[in-house]
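Shared between the two complexes below is subunit A, which pairs with subunit B and subunit C, respectively.
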Partner chain A sequence: MQTLGNFKLPPFFNYPPYFTLQPVRDTREKQVQLWKELILDYCKTQKISVIGLEEEFPLFSNPAIERSLTHEAREAFLAALVSEGRAEWLDKGHRKCLILWHRIQDWADILLNFVKDNGLEDSVMTVEEIRSGPESRGTDLQGVDRIILMRALKLLEHKGKLAIFKGTSADDEGIKFSR
Partner chain B sequence: MAGAALPTAELTTSGRPILLPNEIECSLLSNVELEPEGSPPLSSSIHLRSSFLILTTHRLIFVSDSSAAAANTASYVPLASVTHIFLLKKSIKSMFGSPRLKVQLSVGSDGRVGGMGTRSIVATLVMRGKDDVEAFVDKFRQNWGARVWEREKESESASSGSSLVVESSASSSGFDSRGMRVVGVAGILRREQEMWESTDKSLQDAFQDLNALMSKAKEMVMLAEKMRLKLLSGPSQAGSSNDEELGSKEEMQDWLLSVGIVSPVTKESAGALYHQQLSRQLADFVKIPLERSGGMINLIDMYCLFNRARGTELISPEDLLRACSLWEKFDVPVMLRKFDSGVMIIQNKSHSDEEVFARIKLLITRPDALQMGVSAGDAAMTLGIAPAMAKEHLLTAESRGLLCRDISPDGFRFYINLFPEIRTDDIYLVKDQGIYATWIKCASSPSRLQ
Partner chain C sequence: MGNLFVKKPKVTDVDKAILSLKTQRRKLGLYQQQLEAVIEAEKQAARDLIKEKRKERALLALKKKKAQEDLLKQVDAWVLNVEQQLADIELASKQRAVFESLRSGTEAIKAIQSEINLDDVQKLMDDSAEAKAYQDEINAILGEKLSAEDEEEILAEFETLESQIAIQDMPEVPTTVPTPDVVEETLDLPEVPKKAPVAANAEVDDAEIASKRKVLEEPLPA
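Up next, the complex of A and B:
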């Protein structure tokens, strides 16, 4: 079984047609489905949250069979993720894509559990502490992408579960968790 | 009557002068008066006012455009009758008045300009229009000096026999009978000019014949159109059709066709006899090439083969297409087929797509095909048909979900479609039996992955 880093690749990763955008509708649907899953799985295990279409992304090429996805194909698969709500375009030119291997709502739930598990009600923490502090070690929150974390925090702030305020240093916000 | 002593110039119905052969228009002046000197009655019969003056290589044509007159009239002075052109006088008087040019004309004893003149008369061209007089005068002098009318006469008479004598005597003196040089560069140029002029003349004659032909052709086409319309309107009338009428109508169609005119009636009916016959002939002819090319042949290839076999009386692409389309009305074992890509082929009715797909499937599941896929060329060799045909089949198989495409720098290849075998809920799962498992075995053999 091939691997990409520590990620186990499925057998069809060596199937050349997998890397060519299929024109026949049923075939295309299946192909898109498989790519969506693969992208989400890979990003989750590698903790990658942003894919740049014009940059090298290891998942999009297979040197063993000398194939890689065209720009058109990459955009097609990522667009499929976006319409499913599992990704978002970060720019109008579709050059960068935010991958939500957990949806924002899921992240919000993860945060709430994090607060509960660590007894953080009514306390204050910086955003950086949330993602790199000792409490997050071993959890999904460890090393989470800042953009995603902020989104989830904002969602919870909207729901009144916490408050975001500007910290002492210019580039870090503070979070006060509610009771 | 003014200008009565001048010969009349012929005009077209729209008032344009009818030019002599070889005559070329050079210049146009508006509002010119010809004032002869001397005493009446001679002077008054030459005097005239014209709307405009046309200078040609042969004549000065005075066209009067008087609204009082019933039609335009024109007279002319042949340049041959001009014996002298005076210098354009520039004086204080001429600065304020209209430019005046004096010419000397030779006049016959009857007082008419145009024949061999014994007397001469001086006349003034008063140019009252706002034109470039200097340019006109230059051109006038040029044309008068060129004496094109004389050279024509000369070439006509020279070509009738006495040329040899003339030339031999001329060569010794360096001048021909007209007093023009025939040696040196000037002579060469003049000869060139003459050659060109004679070619021009013969071309003009030829084209005149062509014009006559074309006007006749126009009549023919109009006639044919009338007949066509008659045929068209025929069926819609009454609805009753006795056999005689039909027969003659068919004959009419055939005649029209033989002239090359397509009758629209053919589209409705089973087609003119010509196309029916062609269609049957084609069906017979097609049998052998079909066998040779594995039951399927490109329409374009058939067009070439058929016409090559015919030798003469080649058929057009439209004829071929129509003939093939007629097959569905007869009971022939061949048919015309159009692929999604637009490619049209002729195939045996007995040909079955399923059978081809079965053969493709066999081909595509071979170990080397599983590893490397199959190109149109590979398929062509195995199936025994042309690569273009093979590609059409592969594309059709792809659209049926049998194959997948792989486009890379290596080219355009097809693989067996494995996507249906892959489970989305477990992308690592591979069933023990089945094509997916077979493929994995072949694909992971050392020769493929380096």
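Up next, the complex of A and C:
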């Protein structure tokens, strides 16, 4: 099995047809399904949260068989993820896509568990600390994409679980967790 | 439509202070990393320069490294200060929380106690004791009543019953095995005199003895 870095690629990655957008509906559905899963898996293990359609994305081409996904194909697969709720377009031109290998609600739950596990109720943390501090080492929160983190935090703020605030202008954004 | 009042936690000045300190800690951490990188680079540069036999430049690199190291030491001290202050704030806020709970606990006790007047309690205990004493009196009187009046009646009834049973017992004896019963009766006789003390009883006993002797004479000739 080929690998991309330390990620094991599934067998279909080596079959040229899979890199061409299939016209027949049934085969197209199967193809889309496989690519959707592959994209989510890959992004989860590599902790990638944003895919730029016009950029070089290692997953979208296989030099061994000299095939890569066309722009149309990429857009099709990502659009499928968007309609499933596992991704979001960051711009109208569909050039950048936010990959939600955890849904925002899942991230919110992860955050709540993080607060509980570290006894952070009623205390203050900076947003950076959540991403890169000692408490998040080894968890999914380590190095989490800022956009996704802010989305999850806003969701929790809306539910009253925390408050986002800023001190002086020099400060990081802070989070106060409720008790 | 839904809860307009979203109860977010309140952000106090203390929280803002903590945020400032934590931001500072993070920035100092980054600065430390920066300095460490420069120190390492200068060290490497010095090594290379010594290899190239450029003593002056090597010494300069080492001097720069030393300056950066001193700076790093100072930053380390600042970081410790910031950490210390964060810990102090944490401790102070926990102390305040403990104080608050103790205070509200004390207030709760006071409120409950204020509902109970000490005089009321004393009166209650006195009333209770009075009621109990009254009850005991009633019990005593009821108990006495029973023993004083009825006891004599009961005793009399008891003796009557006893004599009746004794009389009943006599006729029965012949119907059953004579000899053992006779022995028993002879045993009976000695007992009778024991009840002699009261005059009434003595009369009864004499009657008993007489009746028993009569009966005794009957079976023997048989």
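Just so we're on the same page, the second predicted complex is superposed on the first by the 174 of 179 C-alpha atoms of A that agree within 3 Å, B and C clash if a C-alpha of one lies under 4 Å from a C-alpha of the other, contacts with A are read in each partner's own complex, and residues count from 1 in each chain.
Here is the rule we use: contacts are C-beta pairs under 8 Å (C-beta built on N, C-alpha and C of every residue); 3 or more make two chains touch, one makes a residue touch a chain.
Predicted model only: the values in this text are computed from it and were never measured.
Trainee: Tell me which partner A:22 touches in the superposition: subunit B (first), subunit C (second), both or neither.
Mentor: The answer is first: A:22 touches subunit B but not subunit C.
Trainee: Between subunit B (first) and subunit C (second), which does A:56 come into contact with in this model arrangement: first, second, both, or neither?
Mentor: Touch partners of A:56: none, neither subunit B nor subunit C.
Trainee: A:158 in the overlay: touching subunit B, subunit C, both, or neither? Say first, second, both or neither.
Mentor: A:158: touches subunit C, not subunit B.
Trainee: Scan A:8 for contacts with subunit B and subunit C and give back first, second, both or neither.
Mentor: The answer is first: A:8 touches subunit B but not subunit C.
Trainee: For subunit A, which residues belong to both interfaces, subunit B and subunit C?
Mentor: none
Trainee: Taking the touch rule as given, give the residues of subunit A at its contact with subunit C in the complex, in rising order.
Mentor: Where subunit A meets subunit C, its residues are 122-126, 128-129, 157-160, 162-163, 165-168, 170-172, 174, 176-179.
Trainee: If we count contacts the way the header does, which residues on subunit C are in touch with subunit A in the complex?
Mentor: Spelled out, the residues of subunit C in touch with subunit A are 6-11, 15-20, 22-23, 26.
Trainee: Which residues of subunit A touch subunit B in their complex?
Mentor: 8, 10-12, 14-17, 19-20, 22-24, 26-27, 30-31, 33-34, 37-38, 41, 64-67
Trainee: Considering the complex alone, what residue numbers of subunit B touch subunit A?
Mentor: 373, 398-399, 401, 404-410, 413, 415, 417-420, 422, 424, 427-428, 430, 436, 439-440, 443-444, 448-450
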